[in-house]
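What follows is chain A paired twice: with chain B in the first complex and chain C in the second.
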Partner chain A sequence: MDSLELSTSLSVDKAEKKNQSIRVRLGRLRDSVCESGIFVLTASSAIIIVFIFIFILIKSWNIFAVNGINFVLKSGFDQQIIEAYHAPADKPVWHFGALGLLLGSGLTTVGALLLAIPLGIGTAIVITELSPRWMKGLLQSFIRLLASIPSVIYGLVALLVVVPFIQDNFITSELQLQYIKQFQLTGNSLLAGIAVLSIMITPVIVALSVDAINAVPHRYKEASLALGLSHWRTIVKVIVPSAKSGITAGIILGTGRAIGEALALSMVSGGIGNIPNPADGGVFFLTPILTLASAIINKSESMSVPSINAALFACGVLLLVTCTTLSLFTKIVERSIRRREGLE
Partner chain B sequence: MVYSNSGSIIISVKELNAWYGEKKALSNINIDIKKNSITAFIGPSGCGKTTLLRCLNRMNDLVDGFRLTGDILLDGESILSKNRDVIELRRKVGMVFQQPNPFPKTIFENMALPVKENFGNVRREKLEEIIETNLKAASLYEEVEDRLDSSALRLSGGQQQRLCIARALTINPEVILFDEPCSALDPISTMKIEDMLMELKQKYTIVIVTHNLHQASRIADEVAMFYEGQIVEQASTDVFFSNPKTQLAQDYISSKFS
Partner chain C sequence: MNKKKIRDLMGEVMSWLASSITIAACLGIIIYLFNMGHAQIDIGFLTNEPATTLETEKNGILTPLVGTLLLTFIGTLVAFPWALGTAIYLSEYAKRNNLTETFRLGIDVLSGVPTIVVAIFGLAVFSNPALGFLSSMVEGVQDVNRAFGRSFLVSGITMAVMILPFVIKTCEEALKSVPDTYREASLAMGASKWYTITKVILPTAKNGIITAVILGMGRIIGDTAIVWLTLGGTLRMTGVQPWWRPDNWLSTLKNTGSTLTSYIYFMSPAGEGHQNENAFGAAFVLIIIIILLNLLTDFFMGSKEIGK
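Right, the complex of A and B next:
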């Protein structure tokens, strides 16, 4: 009797053990399925990016083959698009020069950064260091809201407010007459582009700067105050410098957004690839311009022409290269700052 | 060396009560701190030592919901009055924290920042001289003289703490507050800092919070024992350790020493 009980209990034990080992094996199987699933997803998104690069490069290849480096050294993109559009099918126009667009992107971006960097860092300082707790939350939700507004809305507001403002305050009939041979002064201009772009990238800079400043250890602040620095000097000399790797990341991210922004700029910046001339004085800023990204939108109606199609893809290549370089640059800058601070 | 003032009172705390929100942190504190001496605040965790220390240079102003009643006099003047310049106070009463907190800058910049901020534009040679003198005073100079331009965060914990002490010295304070300066350090670094404190008290008045009774008995001239927000006993170090008057102090000393 005893031995029987023993043997049944033993067999029960065995069955239990078997069950357990099956469960363990099932668990392992599930884990490995999940892991490889995630891996496949990650890998496929990486592959998609590579394919986008290859696709755009193939599409634009003829342009670089024909124009070479001149694609970024020569101007006259608008005129060339018109020529290409009207060219007979057996004599297509393949010569394009996107210098005007490149400068348009560069000038709007630099201009917007000059406004947005002080504005963004200043706002971040107000949010993190100078406002009471209830205001912090409020301001931060506002900034988040600003960041989530679709760019077409910014474009619309700029078109309805900024452009007429520029036209009413800076442009006179005499001025229009004076420049009528080169371009039409309407208010759609580099200045309008810079204005709308700076408002669009400020939230990005604010958001990343706020995170960076919040991440500065409290002990740095205490150390500085205990050394007799005022709150303001502590912010200027200790807190902001300690947050500079994060702030730089925000600035570079903002730059990326500025370069890539197409819609709002195509609405307010003029749509013609002029090269603003510093010798024109203030008119420099009133010149209608076109950027790489908004050129793709503006000229997309004529994409049925193969050479125009390729030219627009070539603009895309320039954009992709710039943005990729920027994002690599972020990593390098961040690492070098952290290394200099002795954090790595 | 200034011994003439030794024994005179530099800081005088009167009837001090303090609260964090609703929680009372200090009750009816009265203590005098003598010039050019080392006063140690001892007692179990959470008994108010650090709170009192941070009242002495008003670092608690940063804490939301902190308030106090009573008065603290520095050289006979209240440091709590509304029109007292906190920045000027903190120049007179320096502080070294529990965690070494050098800025993420070079060693040189760590030392130069408070000098430039407090004394305006100092000539380069003068600046270098101040930095050298104070690094020497914190017995760090030999270890870092050839790498003043590397990041302070690359130093060891003990070196970082000595850098923080040297940095606190650059602005010529009268009093230096130490909040458990050795609790994050190894025994050798601790010993170096203790030796340094013995040197420093000839020029400065030192108030130190410590958990370490051995440390208090080694370096302090005066001891104040805290318990639940009150000072239960204060006396010169010899008297306190050889002949404690209260039962609490007796228990604390014997439990820690046995």
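Right, the complex of A and C next:
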């Protein structure tokens, strides 16, 4: 009797063990399926950028094959778009030159950076060093809000506030008459573009600068203050230089934003790819311009023409290459910092 | 000595000036939109569909509002699992080797790509006839066999690609902020690695992950370039009418419409709409949504800093 009970309990035990081992194995199987699943997800999110390059290059290939380097050396994009739009289907126009757009992108970006860098670093210094404790969080909330305001709202406000302001204050009818043959002075201009762009990229620079300044070891500041330097001298000579690389990263990120900003600029910058002439003096800033990114928005209505479609994708290639270079540059800066910190 | 003090003071004054300008810009935009837009907001404005210019009294933003919600929903639905999976891999599994570095490089470069480029990429991919089931096919033109490449589905997926690197980064930060002791305790109890991730790490990092999703949503709601190119230029829903009937939902998703951002653009002088008051009304609604999302992230992050 006893032995029978023992044997049954043993066999039950065995069965349970078997069950358990199956469950364990099933669990392991599920784990490994999930683990390979997330590996596939990771690989796919990393490979998208390759697809972006391939697709956009294919779509724009004809432009680069026909124009070669002239695509970035010749101007007259607007005129060429109109010609291509009205060209008969059997004789499409394939010659485009985006120099005007390239200069437009460059000028707006540089102008915006010149305004946004002092604004951004100044604000970051106030947030991290000068403001009282209760204010820091509030200021940062505002910066975050500024960063998340949609570009169409920037465009709308700039179009209805900044543009009329420029028109009323800087543009006279004599000036308009003087330049009527080259372009129409309406207030939609390089200046308006720079103004809206600088406000848009300031929060980016602030956010990264604040992080960088906060990461500066506290002992640096203490040492400097102990040596008798004033608080401001400490900020300028010790804290900001130590946070230099983070601030640089912020500036590069802001540059990328500025180059890629399409909508707000297409609303306020004039929509015509003029090349501002420094000889015009102040009118240099009042020239209506077009940037690479906003050209894609502005001209997208005539995308049904294959050659225009390809030309706009070629603008996309230029943007893509510029922004990729900037990203790689940030990566190199970051790596050099890490290496230096590793040595410390 | 006095000179130095003046110089210090000047520096501080300049910094305060810079920050005042930045804050004033932020407040200025919000107050301006409130002033110009609040009179426009009433029940009719929120529940009517956009009308043609002739019947101005029945003009509303119902379809743009629904469009924004639809796009946000689709974009988040696609991007979130994708980004969370990637973040889990990168923070928990990835070894320090060349493959991981390549993955990170790819994602970093993607995060630097301007939205307008992502938009034309979406257009290029989804006008492929093989993906025509996501939008509609272009018909009636001879020798043309391509998809229209513009629909809510297409736009939502493109949005997902845009926010992907951003959500990955924020999720990864959330996962990395979970202390290693939690992992060790769970593993020491005999839990498998995957079990540890799903039962210990993810619940702990919950708030950070929610923040990532909300920030991603904010990006989708605020984007216009992708809407403009992959959703097209129609204010109303173009699917089978009435668009809100459940049996027409699929058709609505496969056709075009508008969002708040594209509505603002169309109504502004730049979009030739010249109905500034409607643009301001919609902009007011949009900024309220953005402010609410910001407050929500503040709430979920508590006192912790939010990166970028």
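We adopt the following convention: the second predicted complex is superposed on the first by the 299 of 344 C-alpha atoms of A that agree within 3 Å, B and C clash if a C-alpha of one lies under 4 Å from a C-alpha of the other, contacts with A are read in each partner's own complex, and residues count from 1 in each chain.
Going forward, a residue touches a chain if its C-beta (ideal position, glycine included) is under 8 Å from a C-beta of that chain, and two chains touch if they have at least 3 such contacts.
The shown structure was predicted, so the numbers you read here are calculated from the model rather than taken from an experiment.
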Touched partner set for A:Arg340, first chain B, second chain C, both or neither: first
Touched partner set for A:Arg144, first chain B, second chain C, both or neither: second
Which superposed partner A:Tyr220 touches (first chain B, second chain C, both, neither): first
Chain B versus chain C as contact partner of A:Ser230, first or second or both or neither: both
First, second, both or neither for A:Pro92, with chain B first and chain C second: neither
Contacts of A:Gly76 with chain B and chain C, given as first, second, both or neither: neither
Which of chain B and chain C A:Gly106 touches, first, second, both or neither: neither
Partner chain in contact with A:Gly260 - chain B first, chain C second, else both or neither: second
Contacts of A:Val238 with chain B and chain C, given as first, second, both or neither: first
More chain A residues in contact - chain B or chain C: C
Chain B/chain C common contact set on chain A: 230, 233
Residues of chain C that touch chain A when the two form their complex: 4-5, 7-9, 11-12, 14-19, 21-23, 25-27, 29-30, 32-33, 81-83, 85-86, 88-90, 93-94, 102-121, 124-125, 161, 164-165, 168, 192-195, 218, 221-225, 228-229, 233, 261-262, 264-265, 268-270, 276, 279-280, 283, 286-287, 290-291, 293-294, 297-298, 303, 305-308
Of chain A, residues touching chain B in the complex: 133, 217, 219-220, 222-230, 233, 237-238, 241-242, 340-343
Contact set on chain B toward chain A in their complex: 57, 59, 62, 64, 87-88, 90-91, 94-95, 97, 99, 101-105, 113-114, 117-118, 150-154, 164, 167-168, 171
Of chain A, residues touching chain C in the complex: 27-28, 30-31, 34-35, 37-39, 41-52, 55-56, 58-59, 118-123, 125-127, 130-131, 137, 139-146, 148-157, 159-161, 199, 202-204, 206-208, 211, 214, 230-233, 235-236, 253, 256, 259-263, 266-268, 293, 296-297, 300-301, 312-313, 316, 319-320, 323-324, 326-328, 330-331
